[in-house]
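Several structures are given next for inspection.
Here come two complexes built around chain A, the first alongside chain B, the second alongside chain C.
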Partner chain A sequence: MRRRDRHVAVSAASILIVALLCAPLIILFGVALNAGAQQVFPPRGISLRWFANVFSRSGFLDAIPFSLELAVLTTVVSLTIGTLAAIGIVRFRVPGRDLLLTALMSPLIVPQVVIGLSFLVTFTALGVHSSFAVILILHVTLALPFTVRVIVSSLARFNISIEEAARSLGAYPVKAFVTITLPAIRSGMLAASIFAFVASFENFTATAFLVWNRSTLPVEIFNYIQTENDPTGAAISALVVLTVAFAITISNRVIGLDALSHR
Partner chain B sequence: MEKLGPFVRAAAPACAVLLIFVACLATLAGYSFRPRLGMAQMGSGFTLESYAAFFRDPFNLAYLWRSLWIATYTTAVVLVLGYVVAYHMTVCGPRMRLIITIILLVQFFTSYVIRTYAIVLALGRYGIVNNGLIALGVISVPAKLLFTEFAVAAGLVLVAVPFMVFPVYGSIAGISPNLRAAAGSLGATPAAVFREIVLPLSLPGVAAGVVIVYLFNLTAFITPSLLGGGHVDMIANLIFDRAMNTQDYPFASAAAMVSLLLTLIIVYLLQSGFRRTIRGAER
Partner chain C sequence: MHRIELRDIEVRYRDVLALDRLSLTVEPGEFLALLGPSGCGKTTLLRVIAGFVPYRGSVLFDGRSVDDRPAHRRNIGIVFQDYALFPHKTVRENIGFGLKMRKTPRAALASRVEEMLALLQLDGLAERYPGQISGGQQQRVALARAIAINPSLLLLDEPLGALDKKLREEMQVELRQLQRRIGITTIFVTHDQEEALSLADRIAIMQHGAIRQIGAGADLYERPSSLFVARFMGQSNILAATAERLDADRLHCRIPSGETFLLPDHGKAPTGDILLSFRPERLRLGAEPSSETARLTGTIEHAAYLGGQILVRVRLGDGTIFKVAAANQGGMPEIAVGAPVALGFDPADVIVLTDEPQPGEGRLR
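Our next item is the complex of A and B:
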């Protein structure tokens, strides 16, 4: 094969693979638009009734705000804690900081079922059966590796002498950090927020162990498609995919996609 | 050590979260040694009966072998597919790269439940794959695709490809174009440039991708649940079932500890294996 042909072959294979990844999501939208109750593709007749049906189910009406609350709180808490830890790791050359960074990454290599079960047995033993409190702690644990990693690499690239200049001109350390450093690493902060939000909003496996009194949106979708057989599950899924696609397009405009795909 | 004070204050909240995490894992480890009474109840004292029950029953070991086998071959397929896409992204135009990146990020940020469910819809009895095969005359009646190992493997592969593409793309894109051009101008064929320069220098990305995908697929839960429908259960299904349905916490904890240890051993083996290969390639 000549060089050009080889490039064409690689490009064709790659486009085919990406198309294969897209196909199920396109089918998802098609199924959600069905007029009838069958989950067929291409849809037989077009209607939005299954999208409307999402908002008549009390399970989804409770799970959507619950998942959003958890994701927002997880983002705020893990971003705050993660930024503080990142400052400690990048700015203070003390022994043990590499160990701390490795330890903070450890939730990423523990299987989700193991984490979920460990939270279930521990908080059951403590008599805590509040989905909100326990899932929030779980999601902060799962989001922290992402926020710490992204902010550590942003802070490491930032030239600290600018902040020191502000301090030598009389700014308090906190003020110098907030007014000089934070704006300079804002794309890293935004990327970290997106990772934290998604780590919470999409988590299923570990969260599924902890739905005592309330369930999150992924768990609710899972339960719905296990028990019901109409396009409502496809409709709520399509809404989530649309939201994600919209958020990514916005991020592309604001911070560029490299901040999200280069980790 | 005047900086130790501020360091400890900055790191304290993160350490508190880490401490809760470690305490939960320690509780799990403790539970795996408690006598089994069933229905979320446990006796006190120390016993190895849960581990003995796990390893004595060939059914339990079958979950483990199936998980290891499926994770191994799906990771290999994901590596090939992910590498092709990542390589393409380094040679295509910026517009195509943006389109592929957006598609992969949408996948990356959408819940596995949703992406797996979308594959369920495609593989169903009257799904597009069956209808397409019938229309093409390949088969005359709908084939049973759903609830087979093929469906589970296809789901694991499709869901994991973005995890492979991003690290591999990062490491190939990091190779200096001058290096490739220099090798070419010295007479190396494109195949030789790929073999001698691109492939060895992309190994760190490959290593990262393989570790993530293998870990993810070894303890996959959603994919075998939705696409296997109880016929292709993997180790995570056993743990979830024993914890949530029979509420046999000591047994579920023992099975979870076995999975955790297996995971850590595999991460260690993969990482040290890749480190040796990368060092060999640098020489």
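Our next item is the complex of A and C:
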């Protein structure tokens, strides 16, 4: 191929990939905007009634705050555990360090069905009923591989002499870490929180094993489309996409994934 | 001004002995350079004093042990090789950080920071972030931040290493003037002997976790106590020789090519194997023998004209290569490659060493 042809081919391939990534989203929004009760694309007539319908269903009204609370707590807990684990892994020669890292990463490899089932079996055997706390533990387990990975790599790249400088200037070790190191690796912390939040908020497979009379949003959406055939499912999904995109954009502006442009 | 004393400092990293029962005293207000090749333990020693590495032995400030004080309670100002400025804090916040940790009242903190900004000519940069100022300015901020806390001791870890040559020379002068003005005891780590010579009151030469020799720069250069120091400080031409006998304060030496000299007595090894070190700038090309000078003979192998001086490589009779730095004073004999040449020297300039000529000498465990 001549250079120009190659250029055209690469562009075409890129456009195709982007189109494939965007198509489901476009169709989702299209279906959600239907005026009629059928899930069709392109929509027949434009209306926001299915968005409004989301907020009239008690199932969604319960699942939305439930999922948000879970995601926020999962983020806080997994960020805390992830940071402590990362300090151990990066800063100290902890015995069994590789084993620890492998254990923390294992939820990425083990199928979610297996994780969900094993949680169910274990907690049942212990006589513990499903609850917010049980699902929180599950979600923290699922989020940890992401937070640990990201924080370990941020911390490993962080120049330790900056923290030592703080200590030499009179900051005791924890204070030096909190006032100097954490802000300096804040873009990594932000990325880790986004991963943790999303890992919790969108999880369906493993969570489905543990819901009881309360359920998370993805499970609730699944339950809904089992019985109903209108575009409400598409509408709530579109809302989720918008919320996540909005949250990422705002946190990126405020804290900045690339906020360390001034080194 | 504080006196710093180190007693029998030992640091071990697993099987490696990083510092080997090292003792050292730094006088109040003194500027001491720790000089040595990489891996000699100089940075480890700095980290021991700062309280960043566990060690055996004792660190004393004015006779009082600080061993049980962690890094944040030692009151030491450190300038790191890469400056280690806080990237998310402004120049002003960087300089004020140590005072803030000491809970200095706001007004006192602000005025001290202003004083530092003025002292290090950082006016106008106070609100910038470290990433927005030049390397030389970052260096000054790091220095200001270290001095702002009025430390008992200033530790500098190759602070000029990241600067280009011209800026480095300017900063050397600035650093030395600043150190004198505030009269702070300072320990400076470097692997650059010129930097050590131009800055320090005394230089400690380190190798394998121990101090090989300590003294003023001129002492180390003129009177190195070992082959390692002779080689490390400047250039040396080393010649193995045999001390045959000592009579009337004259040491009779024979070199392998058979020539003999009379050297002033250096108080070492009256007989046996010795090493003679000749500095390249103390050798004279084509000198006629006289009562004042002795000479070696060889052939010219290579000559490089460097303007102010001419560097000549001479092969002696036994194959040893000698480097000669001849000052370009005009009227010099023609230097022709392959031509026989005599190298004249003053016997008083020859350094007598008793080390075994083995690389990597020293105690290894």
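Heads up, the rule we're going with is that the second predicted complex is superposed on the first by the 245 of 263 C-alpha atoms of A that agree within 3 Å, B and C clash if a C-alpha of one lies under 4 Å from a C-alpha of the other, contacts with A are read in each partner's own complex, and residues count from 1 in each chain.
As a convention for this text, a residue touches a chain if its C-beta (ideal position, glycine included) is under 8 Å from a C-beta of that chain, and two chains touch if they have at least 3 such contacts.
Predicted model, so just to flag it, every value in this text is computed and none were measured.
K.L.:
Following superposition onto chain A, is the placement of chain B relative to chain C best described as a clash or a fit?
P.N.:
Here the two partners, once superposed via chain A, fit next to each other without clashing.
K.L.:
Touch test for A:166: chain B only (first), chain C only (second), both, or neither?
P.N.:
second
K.L.:
According to the stated criteria, A:81 is in contact with first (chain B), second (chain C), both, or neither; which is it?
P.N.:
first
K.L.:
Just checking: does A:184 make contact with chain B only, chain C only, both, or neither of them? Give me first, second, both or neither.
P.N.:
After superposing on A, A:184 lies in contact with chain C but is clear of chain B.
K.L.:
Compare chain B and chain C by how many residues of chain A each one touches, and report the one with more.
P.N.:
The partner making contact with more of chain A's residues is B.
K.L.:
Put chain A at the vertex: what angle do the Cα centres of chain B and chain C make there, to the nearest 10 degrees?
P.N.:
100
K.L.:
By the touch definition at the top of the document, which applies to A:99: first (chain B), second (chain C), both, or neither?
P.N.:
Once the two structures are laid over each other on A, A:99 reaches no partner at all.
K.L.:
Looking at the overlay, does A:27 come into contact with chain B only (first), chain C only (second), both, or neither?
P.N.:
First partner only.
K.L.:
Upon superposition of the two complexes, what minimum C-alpha distance (Å) separates chain B from chain C?
P.N.:
Scanning every C-alpha pair, the shortest chain B to chain C distance is 9 Å.
K.L.:
Check chain A for residues that touch chain B in one structure and chain C in the other, and list them.
P.N.:
260-263
K.L.:
Which part of chain A faces chain C closely enough to touch in the complex?
P.N.:
Chain A reaches chain C through residues 159, 161-162, 164-173, 175-176, 180, 183-184, 186, 260-263.
K.L.:
Which stretch or stretches of chain B touch chain A in the complex?
P.N.:
Residues of chain B touching chain A: 1, 3-4, 6-11, 13-15, 17-18, 20-21, 23-25, 27-28, 31, 40, 81, 84-85, 87-89, 91-92, 98, 100-107, 109-115, 117-122, 124, 126-128, 158, 161-162, 166-167, 169-170, 190, 215, 218-219, 221-222, 225-226, 236, 239-240, 243-244, 249, 252-253, 256-257, 259-260, 263-264, 267.
K.L.:
In the complex of these two chains, what residues of chain C are touching chain A?
P.N.:
50, 52, 70-78, 80-82, 84-88, 97-98, 101-102, 129-132, 145-146, 149
K.L.:
Along chain A, where are the residues that touch chain B in the complex?
P.N.:
Contacts found on chain A: 3, 6-7, 10-11, 13-15, 17-18, 20-25, 27-28, 31, 38-41, 80-82, 84-85, 87-89, 92-94, 97, 100, 103-104, 106-107, 109-115, 117-122, 124-125, 137, 140-141, 144, 148, 194, 198, 201-205, 208-209, 217-218, 221-222, 225, 233-234, 237, 240-241, 244-245, 247-249, 252, 257, 260-263.
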